[in-house]
Amino acid sequence: MLEAITDHYNYWLVIFLLMAGLFVTMTSGNLVKKIVGLNVFQTAVFLFYISVGKLEGGTAPILTGEPEQFSNPLPHVLILTAIVVGVATTALGLALVVRIRETYGSIEEARLQEADRQDELRAAAEQGR
Amino acid sequence: MIALVQDIVSGILLLAGATFVLIGTLGLLRLPDFYTRLHGAGITDTLGAELMLFGMMVQAGFSLVTVKLLLISLFVFFTSPTATHALANAARVTGLRPALVPEADIETLRTRDD
Amino acid sequence: MWTAAAIALLVAMMMALARAFLGPSLFDRILAINSFGTKILLLIGVLGFLTERPEFMDIALLYALVNFIGTIAVLKFFRYRNLGLSGPAAGNLENRE
Amino acid sequence: MAPDMVTVIDLVLLALLCATAIAIILVRQLFAVAMLTGAFSMLSAGLLVTLDAVDVAFTEAAVGAGVSTVLLLGTLALTQRRSEETRRRGTAPALLAVILTGCALVYATTDMPGFGDPGAPGFRHVVPEYISGSETDIGVPNIVTSVLASYRGYDTLGEVAVIFTAGIGVLLLLGRRREDEIQDEARRSDSGGEG
Amino acid sequence: MAFLDHVAILQVAVPLLAAPLCVMLPGRHLPWALTLSVSWFTLICSVVLLSEVSAGGSIAYHLGNWPPPIGIEYRVDAINALVLLVVSGISAIALPYARTSVEHEIEPDKHGLFYTAYLLCLTGLLGVTITGDAFNIFVFLEISSLSTYVLVATGARLDRRALSAAYTYLVLGTVGATFFVLGVGLLYMVTGTLNLADLAERLPPLAESRVVQAAFAFVVAGMGLKLALFPLHAWLPNAYAYAPSLVTVFLAATATKVSVYVLLRFVYTVFGHEFAFIEPVLAWLVLPLAVIAMLAGSVVAIHQDNLKRMFAWSSIAQIGYMMLGLALANASGLTATVLHLFNHALMKGALFMALGGVMLRIGAVSLTSVRGLAREMPWTFAALVIGGLGLIGVPGTVGFVSKWYLILAAIEKGWWLLALLIAAASLLAVIYVWKLVEAAYLQPAPQDRERVRDMPPDMLIPLWVLALANIWFGVDAGLTTSVAGTVVHAFLGGGS
Amino acid sequence: MRHHLVLRVVSKLLIPFMLLFALYVQFHGDFGPGGGFQAGVIFAAAFILYALVFGIDHAREVLPERVLRYLVPAGLALYTLTGFAGIVLGGKYLDYDVLGSTPTAGQHLGILLVEFGVGVTVSAVMVTVFFAYAGRTRDVDEEDW
């Protein structure tokens, strides 16, 4: 039992983090906060990968000339790429939020949906004439 | 022998630094308002941090690491007070009031605004 | 010795983070985060000595250099309402939650 | 002694990370969210250091401290500072989905190789060749660099393309229109310099 | 010959090189011309690849000359050669059409950036399809996704709802991609490899592992989000409805198909359909969802006034057909999926191209606004009808072929009710297509609308190329079915 | 930000070091942590600091958007072209072995070029994004403040 905990505590906390991030993303009505939630969610996945690569008693995968045990460098490489993807997504998402604020006047999802519904009705009314 | 002296000196510096960091942060947590908390943060960011960095330098001996540590301490020495200064300024400009200053004194403070 | 330093830093980090959570004004949060950055920097340095991998120092150096930007951006944000330099200085604004 | 301390640090940082995540959920002031995101990034950088992922920590630090906060603040400056947080309908299904995800992962952990277990397949397949090859084939001490730029260089090409896409996207979405530039010129000649 | 040795990488690397060049090009016509020529080049590459692998072999290309699983490899077999052909073919046909349409819908000073984003999207989709490395799939998926969000958002010039649609798509798409990465990470954890072929070798002994089961769940959930499987489809209707015409044509015809391909690849090659835990997932989760998608998508489509939205909902229904074939997991079902992958691209490509023409001429695409328009734009509406007949599955169109196999698959399993439901969904398609035909052909034109001409020839010719392809591959399905046969043989193995 | 003498002085002191550090990270990535991406971000961060303290207009003078327009694609183009160089010289795409006289030299050259490409594109994109945000002013709603 104790071994199960020492073996997996890291993963469990990361899973909690992942759930928190996903929860914010799905339930927050604010567009900026959704993006932040997405960030938390992605960071949790990154930490998960890096935890997979950790070696007990290992060190950072940089050769020093001495024989050493290294942690797994492959997840590090993958997550470097994933972090970059995350930053790109964040930048794009926030740019979209700015444009939405400019055109809709709000960054609350509920108001956006309301505005979209109004647009729908207006379009129908115009074409019905 | 030298190693022992190194250990002792760096240990003292580190522990002193850690103590200051702790005290400063306690201030940050416990002091009553933003302007007073600035003092706590100041202790952590300059005295505490510098002492700990010096402790690390002593331990590292003469190497690239020491150079890096020296640079770090230099930058921390400059940026931390600047950041704190900028913050205090922003806080005052945007009208955050010190909790402990009587209402009348705030008026005098405001007239001296730029 | 390193252990003691690390523990002290961890405790300090918790306290700073608590201040960041509690606020109450935004400036308290910024101050706490700023100070938190210094502690992370120190912790990474201490970790470098703990695990005997001095490469970590590069990260600490990075934080020493770059952490400043966030605070400046905040200042700019409050005084001019945007990050470009166009608006007038903000007037008397309410910043308490 | 030393490795144990690293474990303690690891645990404390993870706990703080979770606490920050909860705070992000609860706080409504978007500005505070931005600040907490900064703290979140620093904590994860620290955590990545304890997990030996120096390069990743370096990236997280650079991005978190240098770019993310500024971007978030820039967005807030252009939008608004407070989330109304009208709890949307559909919280229950979201919660269900989140819990389902969590359960699936916890279910998976019961069968996982332990944390830091040297016998895990990840350490036995492919990776030994990277570690030995980094010295003999490529001659670069930082294994992460050699995997990133050479063994899996194509992924990195994709990564640059992603960043490039983001740049193009932001230009398309927020790029300055001609009128803006004209107004800009006018403003500058009016005021005769910045104030 | 050098070209033949490197054709697999040129397929992706050339558009990827063209993207940065495109930004630097001035004006509006040069970026378009570059994109057009690159599209045609990728089409040539994919034709070459398909002809080389159609016998059932496969081509491997080791990037950086590192043998897999150390390096990343490109591996082409019949299924991804077919998808490559769909993606590059649609792009090649859509680009001549694009010039007039884009000029009408995108700000004049942004054409260079727009075509760059388009090229990146093309690169991403081709890269996802051709690669043999699980993480590489994610990277290229994100290239295509990010550019897609941008492309959808450029529709904001005509309708601001494009922005909120793009935002929703961004959030859901990122969640989907992250789930996929999580699944790949779990697989890596227990196998130590990212190469798809290597994974396929190392997974069977781990069939009992809970990690592998969770990995499967995450890959399916992630891809389900990307391909808009029924309860995860929220992003699709608005994204398709408010994107610029060219983008809708390209996305509707290709993007979801690529995700379906990835799912097929994971279910049938990486995991292998004989995995004990996969069969119940397919039978009890994917299959019911596919049936619901099929019916619900069609029903909602009937109630739409906006025609782009109507066909977007119809896409959700059609994705239901594809997933149904995948979930049935027998030879006829998989043939139906593979065929429908190809056929649906032809149908939706033609339909959305025709709607783009309507958009160009009258500035709106709703049932009320197209009243009586068929007399003024006869060629456009004739093509629309052909596409609509395909959606219904009338014999002589491509839709018939794939639905035929699907019903066959249901009957082979002895599930008559399912066969009936498939037929019922087709009847629903009759209703919404009829609503369109009725409005355009039988109702009088509103008085206040000016008379318009038909689409310009540079848009009409690509449209009719696709429309005729709809009929051609419907009458002579030999080529597509033979490729599908090869694919299915590879998926199900000699055994079954 | 004319009043902020302290800020200006400290920033002037800091920015050269940040640029130097970015270069160090760019070219020291073989031995320590870091590489093109991180260097690009640090470079962009230095530039952002400059723009924040000295004003966006000054920053635009130092690095005009015309130039940025070419820098953004230049890095990606360099990377892809390095890949094509592998094909031209008789290897596979992104094969660095053939770039130099010995495989190891080729690898070194390839990694150098590629990392440089990454750095250029990343820094240019980050600065572009910052400009796009900071160059935009919005209609201020008082109730938000």
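By letter and in written order, the chains are A, B, C, D, E and F; residue numbering begins at 1 in each of them.
Note that a contact is a pair of C-beta atoms (placed from the backbone, for glycine too) under 8 Å apart; a residue touches a chain by one contact, two chains touch by 3 or more.
Keep in mind it's a predicted model, so treat the numbers as computed, not measured.
Undergrad: Chains shared as neighbours by chain B and chain F?
TA: Where chain B and chain F share a partner, that partner set is C.
Undergrad: Which pair, D-E or A-F, has more C-beta contacts?
TA: Between A-F and D-E, contacts are more numerous in D-E.
Undergrad: Taking each chain's centre as the mean of its Cα atoms, which chain lies farthest from chain F?
TA: Chain E.
Undergrad: If you average the CA atoms of chain A and of chain E, how many Å lie between those two points?
TA: Computed value for the inter-centroid distance: 26 Å.
Undergrad: Just give me the whole-number Å value for how far the CA centre of chain D lies from that of chain F.
TA: 18
Undergrad: In whole angstrom, how far does the Cα centroid of chain E sit from the Cα centroid of chain F?
TA: Whole-Å distance between the two chain centres: 36.
Undergrad: How many Å are there between the centre of chain B and the centre of chain C, using C-alpha atoms for each centre?
TA: Here the centre of chain C sits 11 Å away from the centre of chain B.
Undergrad: Show the residues in chain F shared as contacts by 2 or more other chains, in ascending order.
TA: In chain F, the residues touching two or more other chains are 7, 10, 14, 17, 25, 31-34, 37-38, 42, 45, 48, 52, 55, 57, 72-73, 76, 80, 83, 93-94, 96, 122, 129-130, 132-136, 138, 145.
Undergrad: Please set out, as single numbers or ranges, the residues of chain E touching at least two other chains.
TA: Counting only residues that touch two or more other chains, chain E contributes 16, 19-20, 23, 63-64, 135, 139, 142, 146, 149-150, 153, 182, 188-189.
Undergrad: Give the residues of chain C touching no fewer than two other chains, as numbers and ranges.
TA: Within chain C, residues 2, 30, 51, 53, 55, 58-59, 61-62, 65-69, 72-75, 79, 81-83, 85-86, 90, 93-94 contact more than one other chain.
Undergrad: Touching pairs of chains, all of them, please.
TA: A-C, A-D, A-E, A-F, B-C, B-F, C-D, C-F, D-E, D-F, E-F
Undergrad: So in the complex, the part of chain D that touches chain C is made up of which residues?
TA: Chain D reaches chain C through residues 1-2, 5-6, 8-9, 12, 16, 19-20, 23, 27, 29, 31-32, 35-36, 38-39, 42-43, 45-46, 49-50, 54, 57-58, 61-62, 65-66, 69-70, 73-74, 76-78, 187, 194-195.
Undergrad: Chain B touches which residues of chain F in the complex?
TA: Counting only chain F, the residues touching chain B are 3-4, 6-7, 10, 13-14, 17.
Undergrad: Enumerate the contact residues on chain B facing chain C in the complex.
TA: Against chain C, the touching part of chain B is residues 7, 10-11, 14-15, 17-19, 21-22, 24-26, 28-29, 34, 37-38, 41, 44-45, 49, 52-53, 55-56, 59-60, 63-65, 68-69, 71-72, 75-76, 79-80, 82-84, 86-87, 89-91, 93-96.
Undergrad: Of all residues in chain A, which touch chain E in the complex?
TA: Those residues of chain A that touch chain E are 22, 25, 31, 34-35, 38, 41-42, 45, 48-49, 52, 74-75, 78, 81-82, 85, 88-89, 92-93, 96-97, 99-100, 103-104, 112, 116, 119, 123-124, 127-129.
Undergrad: In the complex of these two chains, what residues of chain E are touching chain F?
TA: 2, 6, 9, 13, 16-17, 19-21, 23-24, 61-65
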